[in-house]
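Read the structure below first, then the notes.
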Amino acid sequence: MRSSMITISDLSKRFGRLEVLKSIQLDFSAGKSYAMIGPNGSGKTTLIKCILGMVMADKGEITVDGKSIANDWTYRNRIGYMPQIGRYPDQMKIGQIFDMIRDLRQDQAQIDEDLIKEFKLDRMKDKRMRTLSGGTRQKVSASLAFLFDPPILILDEPTAGLDPIAVEALKEKILSEKSKDKTFLITSHIMSDLDELSSQLVYLEEGKMLFNDTIDSLKEETGESKLGRAVATIMKRNLKEMEA
Amino acid sequence: MKCTILLLSIILPFYASAKTWMVDQKGNMRSIKSALGLARNGDTIRVMPGTYREGNLIVQKSVAIIGTNFPVLDGENKYEIFTIAAHDVSVIGLRLINTGVASINDISAINAIESNQLRVLNNRFENTFFGIHLANCSGSLIENNTLLSDLEAKRQIGNGIHAWKCDSITIRNNTVNGHRDGIYFEFVTNSLVENNVSHHNMRYGLHFMFSHNDEYRSNIFQDNGAGVAVMYTKGVRMTGNRFEDNWGASSYGLLLKDIRDSFIEKNQFSKNTVGVYMEGSSRCSFSQNIFKENGWAVKIQANCDDNVFLKNSFLSNTFDMATNGSLVLNTLDYNYWDNYQGYDLDRDGVGDVPFHPVSFYSMVVEKMPSSVILWRSFLVYLLDRTEKVVPSITPENLKDNHPVMRNY
Amino acid sequence: MIRIAKYVLYDIVRNRFILLYTLLLLTVTLSMYSLDSDPGKSTLSLLNIILLVVPLVSIIFTTIHFFNSYEFIELLLSQPVNRKTIFFAEFLSIAFALSCAFLIGVALPMVILNFNSSTPYLIMAGLLLTFVFVALAFGASVSTRDKAKGIGVALLFWFYFTLIYDGFVLYVIYSFSDYPLEKVTLLLVSLNPIDLARIIILLKLDLSALMGYTGAFYKHFFGSSMGIAYSFSFLILWTLVPLMLAMRRFVHKDI
């Protein structure tokens, strides 16, 4: 068994009365690609934000590379993050965003500008973030996530809003990085994408983790050949269990 | 003054009867006392430089005692130096130091009793208990003297120039410093106080009572313990004086208590806790005075009546006026108030709306002194504004109906 | 931190509001000196600018800026950057920008047109008030996620320190006017940065304002170098305490 890259133990988080995460136990092994799915509001983004230290958990611990992330920030050197909705300072230009982030992370020598070139962002350097479409913003987010060649990549709905060509380019990038033994954590509602990109599946519902295994064993268990159907079967089964 | 001495020394020998006695510690006559014993009325005693310790000198003849280069007469902290009980005595050009101190007697450097036409000119007084003490004198001239006492010495301190029951005296060009009261008058009438500087005295720069029809002209009263206080007097005329830097809890530029029928004109009151404080005073006329940078320019108690403030300038005072009641029987007219915010539509130089110099907050501070800590806060500004629009506690009648737009 | 502050500052300057604020201060200061022939009186009018406008603009501008840079903060937080670094970079650059506006708009004309012994105190007081209200604004900003609510809280702070608190002090003085209150009021005004700044300036400017026994007491206290040190250190505390509280909140805040 490969060493685990991210360990989440007994993680709980509330927003006011709403319990968003309920004692999550998870292990992301190095070099594997995880698909995280679940209905809207099931806590996927919150879990990601917990890993990134943007949301503070009420209980439990997260370790990255064996070190707790509490009161630490250097571990984010090792994570590339693409948010679900990339929000950027309105008046900054695309070029300025990249320059700034690179300026802040001067110590990191390994630069990967493939996506910038692929998305032709280097030709729109002087466009202000305010003027960008949602898709272009996603391109910026994706490029930023891969920019420093990090060993861990967390992609929150990476393909949403992208045009088909960009989707293909991004997928290709993910696959090529995956072959370099990087750890991926991807959420999406597009099952076919996940089928292509991931080998493991984590299923969250109402803050609880209900499934964590390989995609292959899921398909086997449900007898479906497509991930989408397999997940749907599981969801229905869960619903019945809850009703019973 | 040197000219006067020169003149005297030229003229005096021509009086056949008048004789000049030379007192010199190196000469035949070594003491002033022996000269006084020999001299007759009209004689002159010239005192050469040196230090004379002769105890108390009693002058009972009309003589002129004239020092050359300020000979020192030392009272050795025990004695009164001159006791004068004759008319037409002159004391000129001496340095009088270290008188005794007593709690019953007013030991002085020069103590004149019933002495008419006394002249005290060009002397220096140092560490005297009382400097010049006049009782029952008339026609005295006190001029160009310097009276300096050391307040820090913590011993008892008397008055600089003290006059009791005198008439027609003139006090001119003197400097008084470090005494209890700089100039003190009691029952002194028809006299003139001019061009004196009275500063850093323990109590008052000028203090008088029952002294009618006197005139005070161009004096400077500065940084005295409690400023200047004058009481129970009528017919005072004060012009061109400066009352400055009198700071403290009960310190006033000029305190008027029971003063009647007086004129206070063209004086400058600046940097005093209270510029003018009036109590029980009537028919006083204040005109063309400048009130500048005082805590309160004028505090006028409700028991004052028929006083008139005309053409004065009120500049940069914290509060222009305060009073303790709502009844106002005094008149303000044609003054310049730098706090006036009215307008002058007809451009005649006079504001079209009256000015109320008593602000709401000055009444508040009058009642609760601690509240001064909030002065110039936004809250106080709003309170003052509100009171201007809807007066509730400030006296409605105390107002200047013709505030002028430009400073005089 | 300097690297981040550089970008925050760049953002602030691009905003043009700071430039407008500088010009406003400059115009007001210059017009006050040219309108009134007595420079002492103009300085006194400037006191109102320092005590009212500087805190108001500082607290509102900072709050709005903080909420407007949420995206920026979010972006930085996904990067390997310490939260404290982000927080202090934000604080320093805003305080720096507002201080520059004050220095150019008020301090510079004052030094050129009417420099006297009180000028350094006026400038110090203005700068410290800027810092205090920027710090308070951070307190207001981290207390809520809602921009409108944040601005509301900031306005409330300003209103409280300029008006409500003094009303309370006056009420205390009125209610206990039979007792010696000097030391109590001294303590009370120390709890309001605007009052502290006002008294420091008044003592240097308008001595006549402090009179009578009470005045002598205040003057003795605040006029001494001990008193000056006391009031300035209280103003510094007024910056540091809200700032530290806000920082602790920010470090544990969910973005």
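Which chain is which? They are A, B and C, in the order written, and residues in each are numbered from 1.
In this section, contacts are C-beta pairs under 8 Å (C-beta built on N, C-alpha and C of every residue); 3 or more make two chains touch, one makes a residue touch a chain.
Keep in mind that what you see is a predicted model, and the values were worked out from it rather than measured.
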item: Graph class of chain-chain contacts, one of line, ring, star, complete, other; value: line
item: Pair of chains joined by the greatest number of C-beta pairs in contact; value: B-C
item: Euclidean distance of C-alpha centroids - chain A vs chain C, Å; value: 44
item: Interchain centroid distance [CA atoms averaged], chain B/chain C, Å; value: 48
item: Cα-centroid distance, chain A relative to chain B, in whole angstrom; value: 91
item: Residue numbers of chain B (touch at least two other chains); value: none
item: Residues of chain C that touch chain A when the two form their complex; value: 3-4, 7, 11, 14, 69-72, 74-83, 252-255
item: Of chain B, residues touching chain C in the complex; value: 247-249, 271, 273-274, 293-296, 315-318, 338, 367-382
item: Sites on chain C touched by chain B in the complex; value: 38, 40-41, 44, 47-48, 51-52, 162-163, 166-167, 169-170, 173-174, 177, 181-182, 185-186, 189, 194-195, 198-199, 202, 206-216, 218
item: Residues on chain A engaged by chain C in the complex (per definition of touch); value: 15, 49, 52-56, 73-77, 81, 83, 87-92, 97, 100-101, 103-105
